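As structure tokens, the structure follows; a few thoughts come after it.
The letters A, B, C and D name the chains in turn, as written, and every chain counts its residues from 1.
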Amino acid sequence: MDKTVPSLADAIAPIGDGAVVMIAGFGGSGAPVELIHALIDKGPKNLTVINNNAGNGHVGIAAMIEQGMVSKIVCSFPRSSDPVAFNTAFTAGTLELEVVPQGTLAERIRAAGAGIPAFYTATSYGTELAEGKPVEEFDGKHYVRERWLRADFALIKADTADTMGNLTYRMAGRNFNPIMAMAADCTIVQATRIVEPGGIPPEQVVTPGIFTDRIVEIAAPVQEETLIREGAVYP
Amino acid sequence: MSADLTSLKLTNDQIAWRAAQDIEDGAYVNLGIGFPERVAQYTVPGRAPVFHTENGILNFGPAPAAGEEDWDLINAGKKAVTLKPGAAFFHHADSFAMVRGGHLDVAILGAFQIAENGDLANWSTGKGAIPAVGGAMDLVQSAKRVAVLTDHVTKNGDPKLVKRCTMPLTGVGCVTRIYSSLAVVDVVDGHFVLREKLKAMSFDDLQALTGAELHVDGTVADLIVEGAGAPV
Amino acid sequence: MSADLTSLKLTNDQIAWRAAQDIEDGAYVNLGIGFPERVAQYTVPGRAPVFHTENGILNFGPAPAAGEEDWDLINAGKKAVTLKPGAAFFHHADSFAMVRGGHLDVAILGAFQIAENGDLANWSTGKGAIPAVGGAMDLVQSAKRVAVLTDHVTKNGDPKLVKRCTMPLTGVGCVTRIYSSLAVVDVVDGHFVLREKLKAMSFDDLQALTGAELHVDGTVADLIVEGAGAPV
Amino acid sequence: MDKTVPSLADAIAPIGDGAVVMIAGFGGSGAPVELIHALIDKGPKNLTVINNNAGNGHVGIAAMIEQGMVSKIVCSFPRSSDPVAFNTAFTAGTLELEVVPQGTLAERIRAAGAGIPAFYTATSYGTELAEGKPVEEFDGKHYVRERWLRADFALIKADTADTMGNLTYRMAGRNFNPIMAMAADCTIVQATRIVEPGGIPPEQVVTPGIFTDRIVEIAAPVQEETLIREGAVYP
């Protein structure tokens, strides 16, 4: 079993118009910038993007929005230090927004990966984000029912991958990566290094290979935050 | 017929061998405790399925030599196993996220009864016995393919492939393929569809040993257990 | 009164200092983005709280020197941080399991409005603005103590402590203590209970700046910001 | 912060009569045998035990049952190679049994740790184990609603612990340990070694210290399976 693919273009090749795409990362940390930019090069339209944020500056998800590829974004926090890409599209009415509390977003994604179609959380009870959702009382406390959140594809940034798709992550770059890897039909990974099976100690695997599908090595990944501070624009 | 049947029918190892032929290279597979575990021994040369065990290992290998056991490295049957390169450990909630989330390609289990609607009974013989379910109910509801290995009839000669299960269910409409001691039968839209049968057995004889109608959809192939790697 | 108030009231750093005095040694604490983050700077000597950030770190420390940032090591405000010995990384579902599961001892957030029933509004000013909620709704519903840092009144002089919130809620009945620029107020059984107030301010003056009745239950202490580690 | 305690007796001291106690391990793998035996020495009665199994031989949970300490057991698989302790008590009617599918057991425990009071699973739909539970249809498929499963105490076997309570586990001894550590009011850990903070690389922590309360070092833990093969009886 070898899940590696030779290029970024090969890695993102299955993503077409109208796909629902989870993009991991929290701000720039753990964001698979090279995969995102490869997707911009391909240029599918009408995508739904699931990410904690809604892009920053003119690279990564912000650049996807500027290229008109995104019709809907599901996130917890669309504000950023330079939100012009999101704000412009949202204000123009070309970009639909679903705001989800961050913990609910994470749990909805995890639920999809774990085969849990719905769960209850106290989060958002009594707020406008709970409007229209079923409410139930358990042990005297009120909870809102939330649905799983699935995707066609997940774009993941790993530190080390083995060829079977076992992954580790670098520091807090872990964030949404392991749960998004579980929740998509096809999980596409960029890894800083790819090793043979056995190259990751079995106790240190964070994402087991069963959750991953396609892996490409990007030996010196850029940091989105660095690009933004340099004023980079993609493409 | 039962004397005939005994000489005719496949052994458990032969059933396991037949099931192994359908496991694709790279498939993620869970094998039930006991008889289904034998499928791993007949992995088709050139293919490398990845075996999952409920207690939190992917890509474990066969038992170690006697005396080499490490009792923190066991499978769901509490038997000592080994690791292959590329193995991973994870906790029980993650393990069943793999199961429930539909990430397993195949689960292979034993059976007391299988109904033509795909219902499976394999965990409890009914009232009286001490119930013990393990991971079976999770596996059957969520793996992409749920295959059953079974004798075609009980020790008393009663059909195990039935119209409706009379024993407590493990899951509803979950079985996709049955590898029996006499045949390979798929469950399709609430019917048994015969795919393969032992050449020495007529369709009518097989039907007589089956508790629900066997449908035919295209060719019924001979159920052949031979070639490289087949048990002797 | 507003000129008086400006000279009288605590600075944000003084409010943060006061809140820090209530954080026990070994407490697990989440500090909201911005103003609440300053609480960490006033940790009481001899106490070692463990700070949690939504994006998956326990026991992070202050910002690194300029130029030393690692952009995979940031907090929920996307600012670079450092690690203390005994830190741990984990994924977002585990991070919010800590939050939702009630494992945090204290969450400290900012506020637009706090109602006497404990309702909090701090995420949206209402229609028109682009909504952004982050982790606030999770934190306020589940931390053992939910404390708020806030000016006692808005820039226009309107009360921020009110009978009922008029802005979109972040959570219902969730706030347990308010550290304001003029007082320390608890929420008890649907009422504001005044615990501390600035000595230079009368109860009646404070009440006049508060949008719901201030109850007294025992002594009202002087709100004093001084001593070792207090901001100057 | 130092969560270490000097002895097994100190570690289990808070556990009294009537407590609900999660005991991690799958069979003997990852089972905190020394903590269990210390609890037998103390001898609280009327305990509810949550474990995947119901004891084996005459040590560990089986010995707790034989000592008459357990009034109810919640597990997925009470059968074992030597189930006499469980079978005797169960047949005598002195031990209540709740059988839960293994994945549902794991998810109910994880839900408790994660503040999810209820969730839906396809597991057990249409079976007698779903009787009396609410059923809901999502996207054309039926699911059973399950409640979280909380405990007063969890007994955990770790490999390495630091004094702040961060933990790692040894091989498949991980199993129920990390999720039970999340789901109890007081999580009690036996660790093969205790190190200073920083002694576990932050990316290799499996259970963050926020989930643990009391840690005792047991430098050479026994394996339950070894005891059983030796025919050991406790006390």
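Heads up, the rule we're going with is that a contact is a pair of C-beta atoms (placed from the backbone, for glycine too) under 8 Å apart; a residue touches a chain by one contact, two chains touch by 3 or more.
This structure is a prediction, so every number in the text was calculated from the model and none was measured.
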* Between A-B and A-C, flag the pair that has more C-beta pairs in contact. => A-C
* Interchain centroid distance [CA atoms averaged], chain A/chain B, Å -> 37
* Asked: Using mean CA coordinates as chain centres, what's the chain A-chain C distance in Å?
  -> 30
* chain A and chain D: spacing of chain centres that average the CA atoms, whole Å -> 34
* Structure fact -> Cα centre of chain B to Cα centre of chain C, whole Å, reads 57
* Asked: By residue number and range, which residues of chain C touch two or more other chains?
  -> 57, 89-90, 93, 96, 99-100, 142
* Asked: If you look at chain A, which of its residues touch at least two other chains?
  -> 107, 110, 114-116, 121-122, 169-171, 174, 202-203
* Using the contact definition from the top, classify how the chains connect: line, ring, star, complete or other. => other
* Structure fact -> Chain pairs that touch, by label, are A-B, A-C, A-D, B-D, C-D
* To do: Can you check the complex and tell me which residues of chain C touch chain A?
  => 53-57, 69-74, 78, 89-93, 95-96, 99-100, 119, 130-138, 141-142, 168-172
* Asked: Once bound in the complex, which stretches of chain C touch chain D?
  -> 25-26, 28, 48, 50, 52, 57-59, 83-90, 93-94, 96-104, 142
* Structure fact -> So, in the complex, the side of chain A touching chain D is made of residues 107, 111, 114-122, 136, 138-139, 141, 143, 147, 168-171, 174, 202-204
* Asked: Tell me, which parts of chain A touch chain C in their complex?
  -> 26-30, 52, 76-81, 83, 86-87, 90, 97, 99-107, 109-110, 121-129, 169-179, 206, 223-226
* Inside the complex, what are the residues of chain D that reach chain C? -> 1, 110, 112-116, 162-164, 166, 182, 196-198, 200, 202-203, 205, 208-211
